[in-house]
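Each of the next two complexes has chain A plus one other chain: chain B in the first, chain C in the second.
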Partner chain A sequence: MFKAKIKAETLKEVVDVISALVDEAKFNITSDGVSLRAVDPAHVAMLDLALQKKGFEEFKAKECELGIDIDKLKDVLKLAGAGDILDLEHDEDKNKLILDVGNITRRMALVDTAGMSDPKVPNLNLPAKLIVNTNELRRGLRAAEAVSDHVALIASSDSFEMVSEGDTDSVNLKLPKALLKELDCKENQKSLFSLDYFSTMVKAIGSTPEVTMYIGTDYPINLEFDIAEGNGHVKYLLAPRIESE
Partner chain B sequence: MGVSKITYFFFLIYHNEEALTYYLRNSFKASMNVDWAEKYRPKRLNDVVGNPTATKELRDWAETWERGTPKKKAVVLVGDPGVGKTSSALALAREFGWGIVELNASDLRNADAIRKVATSGALNETFTDSGEFVSTRHGGRKLIILDEADNIFGKEDYGGIQAIVMTIRETLQPIILIVNDYYALVRRSPALKSMCHTIRFSGIHKSSVIKLLRTICQNEDITVSNETLNALAEHSSGDLRSAINDLESLSLGKRKISEKDVTVLGFRDYRINIFKALTGIFRTTSYNRALESAYNLNEDPEHLLLWIDENLPLEYKKHEDLASAYYSLSRASIFLGRVRIRQHYKLWGYANDLMTAGVAVSKTSSMRGYTKYQFPSWLTKMSQTRGIRTLQKSLNEKLSSHYHTSRYVAQIEMFPYFRYLFENEKDFNIYAIRDLDLDSEEIAYILGEETDSPTVKHLLEKSKDLDKKKKEEKPQLTGSEKGKKEQDKGRKMRDTEDIDAKKAQDLRQKNLSDF
Partner chain C sequence: MGVNISDIVPKEHRSLADFKEKWIAIDAYNTLYQFLSIIRQPDGTPLKDSKGRTTSHLAGLLYRTTNLLEAGINPVFVFDGKPHELKSDTIAGRRVIKEKARNEWEKALKEGDLEKARSKAQQTSQLTTEMVESSWELLGYLGVPCVQSPKDGEAQASYMAACGDVWAAASQDFDSLLFGAPTLIRNLTITGKRKLPRRREYVNVEPEEVKLEDALNSLTLTREQLVDLAILVGTDFNPGIKGIGPKKALKLLKQHKDLENVMEKKALSIENYQEIRNIFLKPEVTDDYEISLGEIQEQVIEALLVDEHDFSVQRVKSALDKVKSERKQKEQRKLDQWF
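So, the complex of A and B:
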């Protein structure tokens, strides 16, 4: 059983976060809220999302799984205006999700969840932790995209650096410790990532002003941030590029 | 029970293994179960039934990845349906602890989709389905499997093959392409031939099929006689998956299968490639067998005719045989022509009989040994000469509309004289260029010169100069000339031509008297 009301803005945040990686996802619903874990089709990135009951305007549910086509959800959201509230209800008999936006009712067929994986979030023990301003990060990525398709993230004890080297040009963004809200790094850490993944993820952060990053050496990066006014939490994991021998 | 009946029903209708597998898989998913072909998929390469050489080759290739990125970064697994290609690929990944990224025919596989999934997969480290991080630094890999890669074509898969070639070029992770028809793959991209290591899978021996079926029966607690298993194996003709599917569909709701049940299965419809069809036609003297070879072939009769035409002399050595076979073939061709002209597709039947059975029964002695069949040279030549033929066509069109005749007459009767005049008659060429609006390529073709040769350029310029002069003369047209102009205009409207009347008149005056 699942019946809820949610602000269109909140649902949009959730959808943006998911659609950065996958087209279809399995929503695990409990009486406390909604959670979702997924690996992208190329098996390069992973998503762990949780939205508490408080993130909804109204929420009543018992344990169930909903397989949702994210593109369809996007279509429905396009119908919603600012400040609209969506009614969601799971029709168990027909296995459909019924969404009400204003006077429109959309009956959405659900996707079979049997083939969808249920990944566990791996325990990575990443040695460096830092909190970065989202806009600063976005600007750096925009600069990097112009010269290359990958970017190196480097954390040291006194700064965070993003270096992107193309065939002819290079770009680097350096943020000293003073400009970071938090920097906890004893030894230098460096990993290389595909820009298309990393910047899609950063774009999905939305309006959240700060993002927490955990970095290792030739290891995945963990990006964490809050959504839904602090009632939801997102964890992105991105596997590094293979540096050719 | 409802599920089983529907499944069985579908099976009887289609005899189509892919549809059946799909149907079974889906209906069983609903009842939280998997079909047997999936359930008994081998877990390790050693468990793969049949094809020991192929699986060894595959393992050897995988081991080269353990020592870094090898030269051949991709393999193509070639073989008929149900002989264990996909199973081997999956078992390999499991055995080596690799992650798997799979793109099969049900996924969109255009350039974008392949770049997004296969290429990014190929360049980055991996999270597995269960959420583990595997790093190449510790020997972890991600196996990218492109199943049914010979079926990547059409509008929705646009650019897919090129994207695959790019991915293989750049990849730092192992890639496996799986195809039924190797030739269909490399025809689209010959580069793949040299980039990939090819491993062939053959049909699975009857005894191995029986052995596995027996194990399954023991596991599933089904009583079955040796004869029944034998019949099932016989029926599958080397396709293990279909044998398992048959066994499963026969055992639904039963604990015992008899030999009689097997007869229900009817003939399995399996697709064969053109080479097998040709062997079937050339090597048999049985009317029916030759006909059947073409039934299971997914190629239109016109193509098949060309293939037979090309390869007949490689097979039939006796002159009388050859003459008689070609006689049948020519009769088939006549029927195909009638189909084309009258759009009466029933006649395909006659064409088919003549080109397959007719050719097959024409021989008096049987053939032996291996023949390497050739691609129809007519098709190759036609595609090589496409450029020159379009040129000829446009030239003949210009001639025909100018001289009020058919393109055929223009080509056969007029063009030789036209060319002679063009080469020898003073100033004829300049006027012809202007009046027929010939471009540099066409001029070059008529003169047998290069498009950018000085002669061609010179002629083009001269005819342009002619235009300038004409413009200056225009205001001084005499009355009688005007009359003629009008007369021509009338004719022009009648013929709905788009040639400037003035030009037509000029050409007639100055040149046509030469004819």
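So, the complex of A and C:
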């Protein structure tokens, strides 16, 4: 059983986070809220999302799974204006999700969840932790995208740096400790990432002002941030590119 | 070779860079024959090692495959299996042509006409079991996957493209379209400067992309009708009707819908047409393949090419280095290894 009301803005945040990696996903619903884990088709990135009951305007549910085509949710969200609230209800007999936006009712066929597994989140023990301003990060990525398709993230005891080297040009963004909300890094750490993935993920962060990053050397990055005014939390993992030899 | 419908099919010019990070299934026999035909000395003699064994195919594979890998393209080579019984006439015909060309090549050599000698020599290309084996071996060392097709390599490549395991099938023939490849790439392995036959002129060859859907839309035919058209014009499995070219066949099919009607209205008969249709529409293919790029085994490649077949060590090294520098920034890891 699942019956809820949610702000269009909140649902949009959720949809943006998911659609950065996958086209369809299995929403695990319990009486406490909604959670979701997914790995992108290339197995390069994964996401772990939790949205508490408090993130909804109203929420009544018993344990169930909903397989949802994210593009369809996007379509419905396009119908919503600012401040609109969507009604969601699972029609168990027809296995559809009924969404009401104003006077529109969309009866959305659900995707079979049989083939969708719940991936395990690896335990990574990443040695550097830092909290960065989301807009600074976006600016750095915009600069990097102009010269290359990959970016190195480098953490040291006194700064965080993004370095992107193209065939002819290079770009770097250096944020000293003073400009970071938190920096906990004893030894230098450096990993290289595909800008394609990393930028898409950072774009999906939405309006959250700060993002927490955990970085190692030639290790995946763990990107964490809140959504739904602190009532939801997202964890992204992205595998690195590794320069051989 | 293959059906001649080049004139009526829309094509787009592309560059290798457009295929970055895409998987392409390459018709191996078609490609090897091209190498054997093109990579020759001015008098038409193929490249040979000190033991007299032909190495044109290995040279082609080394330089062309590394070119593709350098461009970030992921190739899979698909090898022909046993040819279909109906192809035996075509194969016998090719044998006669080769025999004739071989005589003319020798004659031209005696007369000192190098241009003619080279062009005749190109028609004598023969792919031996040994060449196929060494090609397979080299591709393995280059980390490039190979697939054995039960019958036609093009059919298998097209099948892999149709299932989405690869993005496109690559061949010079248009048969891939008949076999249902949604995207066909031509000139993939011969991109660059290419000598025009019998002339001291060079043209710049660029890859071409042909989309099955666009081709069918522009011809306003279904794939089934395109196959019927090919049968009228002639395929590797039947000689076709004398006096009917692609344009006339197109007109006939639009007018009469299918081959049966065309044959009835025009009082034609084509032997085994139903079977030929099936060769294209329901080809024998296999799901027994894996496509992933492996490591480049530099030392083994050098042992094969330099020690065994007398390639220059510098040229082999520089070909492999191109790929290595591309790979360097390319190794996107999967999360799986940290799970």
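Note that in this section the second predicted complex is superposed on the first by the 243 of 245 C-alpha atoms of A that agree within 3 Å, B and C clash if a C-alpha of one lies under 4 Å from a C-alpha of the other, contacts with A are read in each partner's own complex, and residues count from 1 in each chain.
Everything that follows uses one rule, which is that a residue touches a chain if its C-beta (ideal position, glycine included) is under 8 Å from a C-beta of that chain, and two chains touch if they have at least 3 such contacts.
Just so we're clear, the structure is a prediction, and the values are computed from it rather than from any experiment.
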item	value
Side-by-side fit of chain B and chain C on chain A, or clash	clash
Partner chain in contact with A:D112 - chain B first, chain C second, else both or neither	first
Touched partner set for A:P41, first chain B, second chain C, both or neither	first
Touching partner for A:K72 - first (chain B), second (chain C), both, neither	neither
Partner chain in contact with A:S194 - chain B first, chain C second, else both or neither	both
Chain touching more of chain A, residue-wise (chain B, chain C)	B
Which superposed partner A:I242 touches (first chain B, second chain C, both, neither)	both
Which superposed partner A:H90 touches (first chain B, second chain C, both, neither)	neither
From 6-14, 24-32, 42-50 or 132-140, the chain B stretch with C-alpha clashes against chain C	132-140
Contact residues common to both interfaces of chain A (with chain B and with chain C)	39, 42-46, 119-120, 122, 124, 194, 219-220, 237, 239-242, 244-245
Chain A to chain B touching residues, read off their complex	37, 39, 41-46, 112, 114-115, 117, 119-122, 124, 194, 196-197, 218-220, 237, 239-242, 244-245
Of chain B, residues touching chain A in the complex	29, 68-69, 99-101, 116-118, 120-121, 123-133, 135-137, 142, 172-173
Residues of chain C defined as touching chain A within the complex	324, 327-339
Complex contact set, residues of chain A against chain C	39, 42-46, 119-120, 122, 124, 150, 194, 219-220, 237-245
